[in-house]
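Per-chain numbering from 1; labels A, B, C, D, E and F assigned in written order.
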Amino acid sequence: MVKVTFLKLGYIGATTLIDALFDERSSRKNITLRVISSGVKMSDEEARDTANLAVTIPTDLYIVVSPNASLSGPKIAREILKETGKPIIIVSDEPSRKTLKKLPEEYGYIVIYADPMIGAKRALLDPIEMAVFNSDVIKVLAVTGVLRLIHTEIDKVIEQIQNEVPPEMPRIVVTKTKAMQYSGIENPYAYAKAMASFEAARRVATLSTEGTYKVEGKENFLPILAAGHELIRYAAKLADEAREIEKANDTVSRVAHFRNGNLRSKTKLFDTYKK
Amino acid sequence: MVKVTFLKLGYIGATTLIDALFDERSSRKNITLRVISSGVKMSDEEARDTANLAVTIPTDLYIVVSPNASLSGPKIAREILKETGKPIIIVSDEPSRKTLKKLPEEYGYIVIYADPMIGAKRALLDPIEMAVFNSDVIKVLAVTGVLRLIHTEIDKVIEQIQNEVPPEMPRIVVTKTKAMQYSGIENPYAYAKAMASFEAARRVATLSTEGTYKVEGKENFLPILAAGHELIRYAAKLADEAREIEKANDTVSRVAHFRNGNLRSKTKLFDTYKK
Amino acid sequence: MVKVTFLKLGYIGATTLIDALFDERSSRKNITLRVISSGVKMSDEEARDTANLAVTIPTDLYIVVSPNASLSGPKIAREILKETGKPIIIVSDEPSRKTLKKLPEEYGYIVIYADPMIGAKRALLDPIEMAVFNSDVIKVLAVTGVLRLIHTEIDKVIEQIQNEVPPEMPRIVVTKTKAMQYSGIENPYAYAKAMASFEAARRVATLSTEGTYKVEGKENFLPILAAGHELIRYAAKLADEAREIEKANDTVSRVAHFRNGNLRSKTKLFDTYKK
Amino acid sequence: MVKVTFLKLGYIGATTLIDALFDERSSRKNITLRVISSGVKMSDEEARDTANLAVTIPTDLYIVVSPNASLSGPKIAREILKETGKPIIIVSDEPSRKTLKKLPEEYGYIVIYADPMIGAKRALLDPIEMAVFNSDVIKVLAVTGVLRLIHTEIDKVIEQIQNEVPPEMPRIVVTKTKAMQYSGIENPYAYAKAMASFEAARRVATLSTEGTYKVEGKENFLPILAAGHELIRYAAKLADEAREIEKANDTVSRVAHFRNGNLRSKTKLFDTYKK
Amino acid sequence: MVKVTFLKLGYIGATTLIDALFDERSSRKNITLRVISSGVKMSDEEARDTANLAVTIPTDLYIVVSPNASLSGPKIAREILKETGKPIIIVSDEPSRKTLKKLPEEYGYIVIYADPMIGAKRALLDPIEMAVFNSDVIKVLAVTGVLRLIHTEIDKVIEQIQNEVPPEMPRIVVTKTKAMQYSGIENPYAYAKAMASFEAARRVATLSTEGTYKVEGKENFLPILAAGHELIRYAAKLADEAREIEKANDTVSRVAHFRNGNLRSKTKLFDTYKK
Amino acid sequence: MVKVTFLKLGYIGATTLIDALFDERSSRKNITLRVISSGVKMSDEEARDTANLAVTIPTDLYIVVSPNASLSGPKIAREILKETGKPIIIVSDEPSRKTLKKLPEEYGYIVIYADPMIGAKRALLDPIEMAVFNSDVIKVLAVTGVLRLIHTEIDKVIEQIQNEVPPEMPRIVVTKTKAMQYSGIENPYAYAKAMASFEAARRVATLSTEGTYKVEGKENFLPILAAGHELIRYAAKLADEAREIEKANDTVSRVAHFRNGNLRSKTKLFDTYKK
């Protein structure tokens, strides 16, 4: 039984379902999952507080999920967790790349390029707009291989821990090419559509950042932020279109967790899973 | 400063973003949020363990989110939390209705009818299928008023706690009519589309339950489960179509949290928020 | 030459084209069809009157199509037709199920679950809304196997009559599973989409019944009825999407009547029909 | 009480629901409707037979619906009905135009240009393809004003008969411009979309005629017929898009029958009907 | 090195990209292209002037592209070019058919049926409407085989000139059947969709002509012209749908120019081109 | 009468219709347009040759359109045209920005950010793929304000020349914000959709450049190039969706050329144009 604890500070798209990726039907016998989160906040204090809670939980592997892992909150959190001596994997978004690549080798990390910041200005953002945006991001992450990559790579670490092998930490920058390798998409045009979806999502990040931080005046930033949200909606549509092609060809790649935690895969819906 | 702790046991659609609903831009000064979760599992042991962790957190209001709150896991959890003497609100799905309506008056509850169970058979469900399904459910919950209802009603409790008024616990069954009252949709056809989306989502629950528990043989249950997932995809499309009409009319209702936690609303995108 | 007389009382979706199903190109040499209808009305008097007309027509097989065959109009009609001693098959919708299952064995019946009642309140329903609704219902019935089932099963009876074999009366409740067996859909996702379409259509019936009979006040029933009509529109879209997948794979199942009344089938568009 | 008898010989799109247009909710007190049909066949014999049946029904107004009213079947039928001395209105498709315009003034007629012939070759047409095609045609006829024109103009005659005024027979060629006048569509682009739908449907007739009668060889006629069916599918989509715009603007024109047979209209969904 | 000079007088859809069709990647070593155009005007004077310029350019083959090649402008132009003794191919739209078929045999021609006139009334047409219309026309011409036909047939002439063989002039009326032979579409339903797109585009021409020249009064001609533009939008959608099916099946036909001007083709995206 | 000569070297999206923008109905009395083009090629030699031809044409204003105006071909061309002493405006794409901003003040320029390079590898690009891509680009340029900006700004220069005023040369970098100012879109969500379309198109340029020049191996560059083409398809869809909203609200901005060259505008389709 491997014990995995997720520490979530603030929100990126991957935050919402990351723990569920490891036991999609709630049937695995070889892991226990715990999640501690500070909700949307990720200040130093919130980070310290939740990390201090996380260290009290019996854990074999910590996974820290946050926006921009370069900020001091996430940094404080991983330093507190580091004290436990347990392996730590950091999952974050594109602005984290430089910082994470420089982390000592014992940290694992997964830097996701297509998990864009939301348009974080009150003029656009209310709870419903926020939820709609995340719905779209999740679809992009699911179809373009990002979520598959996350669970596959961390599943390897879990298995190593279970087998008492020193775990090899993933140190992955999830570019469009890297993500798509995990997408399992067979049709070349569906593949291109998913990649286009990924790139559109990445562009959303640029728009959200520009509109949230760089542009003054509601009449200026609001169209830019709203454009970002329109673009993520279309990125989700592109992802959906890609998946629909795979369905139409009965080539949807499925890789499911079995009770013992093993992953097996199949392609045709009525196939039997195989190693 | 009101301290709200979410205890999440297993997953329904509302689980994914429920805490983020209360501070969509991470700007509120009057609340602190904590989330404890056992991931997808909700056995007695998991429930006990996480509840015991939750009680260690300084908290003014507990919100317990789980599928089927009639099960013993969620029951154990709420009994442990009850010991703290703090108010508890339970958020769960349709199968919880009878149980929750019978709970003592000090419990609040929100029973959501359009938050369907997933098709929980390995033949269909892998982590990607799970994420895609949740993406669709989130869109339905967002547009049909469910998420607005959740945060509005619980925001009232938070405000009462902040004002040191004895909180009035919400005891709400979120039927299609109840949800839609919170949707803010103005165009009558968009309203009907959103309601249709809600009903389609509710039908998904029937299909998932039938396919997961009542039908034997992959050749029999697999089409039923897959039909449920196709139907939620269309429920999300209907929700999207409803919202697009509101956009086209520039009548999207926005109700945002201000720094002090107050909710203000506006309709036209370039409007200023008003009480 | 087998003589078939349809008696239509009131309207369900199947009413509109049921006789045309038996001779789609107007080329069969072995049947003569007659239709008597009272239009939308189905009172006792209308039923008696049209049934009395129907018995004057030389007929080998009567097919009575109406909403809710439990009502007294349809009952009167079938009793009048019974006097002729000719075989009778009743085609009706879900509310007829109990009544029809209890009918003596000499009656055949086909109870269709996905042929929903229309939202029958003046506030919503004018002739155009009615026609649009029926257009959608027809598409659902066509793609999900319902119309194929109807003509296939009744074609068997016609053939038995032609061969002077005592006809075996169909006694079929057309559930989603039953209907789909006749759909001829090969791709498993298209199959699931069609099944989802069927289920959505069935849900429409619930909404129409609720809005027409159970809810008071235009502000209350109108959204519910309109939601039903939005849902049937999406059920038709789902059916269309399913058929488009089959087209894209060149696997549309075609079963056509030949001049002698035999059915032959093919799958690829440029194939030749085979027995 | 006005007694209207429909004689249907063979099928055009308008055949399917024409009688239902006059009492969409089955609530009118001032008319009785009867339908006699020969199904898809329209030979001289079928026409004579059904017309002879129709003359036995007490009738104040006959409406004869058939493809190509120039053919001898429909001609025989109207001559038989003529004997009754009752007024007769003929509803048919574009190929009937010349013949109908030459009929004596006591006949009324409605010639519909956008009610295309089906692709009537076995290689394409089976009962399901037939039903799908008709579903699309009905949507076009409903949205583009054709069905509104039919019932409005015949309702006038019914009212005149009820008032014992000598009825003024409609003699109408339903061109795109004529049809659209009855569509009630307000938005000018929706209006143009509906007109485009009408024209596309008219083009389908050309394709069906070419493919069914003028081209030899399956490899030659099959693409043409299938193109016609694809085009009607898009005509229906265009009609749907037009209606959706009217919904989004809450300007769907509704003209409903009241119990006494009067037509009243409204535009906003929650409006009250007015004369 | 073959020198090809395009003389463009006025605009049809094919005008926009016709020269680019011959060297899509700007890599051919065996041709030089020149284009002379008078923009949208095609009066006698404009035609004479530009033709006189064109004759000054060293040219092995002239291609004259214009609307209605029966008009005097295009006629003047081709007579001036004729003086050079160089081969001339005329590309024009449906109204040119009779004139072009009567031209002496030394002229080549390509008459395109699905390249419709725009709705040329100021009430509808501004530069943006014009560009949107052309965008749609280009998609129709591209997918339905028209553009493939143009370059394939003219490429043959270019090759003959290069090989110093007396060129065989194409004399082609591009009907729906002729165009589709060049479309390379494999799926029979995609083929039918593309053919339907072609026919819809042809219908646009009728609407544009009617609205521009035959109908008086803005309230009369504007809906007709707008209907034409809506119909071309749907023709483009149909073309897109056809191409998407081919993509989903990985059967998009590609025929590319190699450096030496040879055409090679492939079907699967990752295939290698073959002769 | 102002004489404008376009010199087109190679292709960007704006190349295809730029001259037609100035006289959309071919009705202006105050300008004469000439176009000289080298087709897709833009080498020094092609540039020199066509520029030398262009200088022979009586011209009041030269407009040079090409990809990357920093390359030597376009540079040579503008130097040759410079000799005439006539005003020159350069229209090019994003890579030209730096070079054009450094040009002496007498040059005008318009640098378009959303006119992306095509995926210029043979493995993807054949003439049909090229045309489909351009169709999509044109729609983006039309709806997002780019084409309006081009003709509006150059129309000012034409007017100044006509009035014998020294023309003020446009020196404009068409960013998303700049373009959208010319889009005339009123609905804020449609505005955001169009801006998202612009940004997606800009991202296409990145993908095309990467896939064409920076990545080796068909298996690597082909998905990237195809992703670019999928993304431009969705950019066109977004643009279309934006325009459809404006249609649904009857707020499509139209600015048409009158016979004397004046621009007048209107918003409602049935409005009369006003200054």
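Everything below uses one rule, namely that a residue touches a chain if its C-beta (ideal position, glycine included) is under 8 Å from a C-beta of that chain, and two chains touch if they have at least 3 such contacts.
Just so it is clear, the model here is predicted, and its values are computed rather than measured.
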A student comparing B-C to C-E should find more C-beta pairs in contact for B-C
For the copies subunit B and subunit F, the interface residues, called same if over half of the numbers are used by both and different if under half, are different
Rounded to the nearest Å, the gap separating the Cα centres of subunit C and subunit F is 56
Taking each chain's mean CA coordinate, subunit A and subunit F are separated, in whole Å, by 39
Chain centres from averaged Cα atoms put subunit A and subunit E apart, in whole Å, by 49
By the touch definition above, subunit F meets two or more other chains at residues 188-189, 222, 226, 248-249, 269-270
Every touching pair of chains is listed here as A-B, A-C, A-E, A-F, B-C, B-D, B-F, C-D, C-E, D-E, D-F, E-F
Counting only contacts in the complex, subunit B reaches subunit F at residues 247-250, 252, 268-270
In their shared complex, subunit D is touched by residues of subunit E numbered 176-177, 180, 188-189, 191-193, 195-196, 199-200, 202-203, 206-207, 220, 222-224, 226-231, 234, 237-238
Residue positions on subunit C within touch of subunit A in the complex are 187-190, 245, 248-249
Residue set of subunit F touching subunit E in the complex reads 6, 8, 10-11, 16-17, 19-27, 32-42, 46, 50, 53, 56-57, 120-132, 134-136, 138-139, 141-143, 147-148, 151, 218-219, 222, 226, 233, 236, 240, 243, 253-258, 269-270, 273
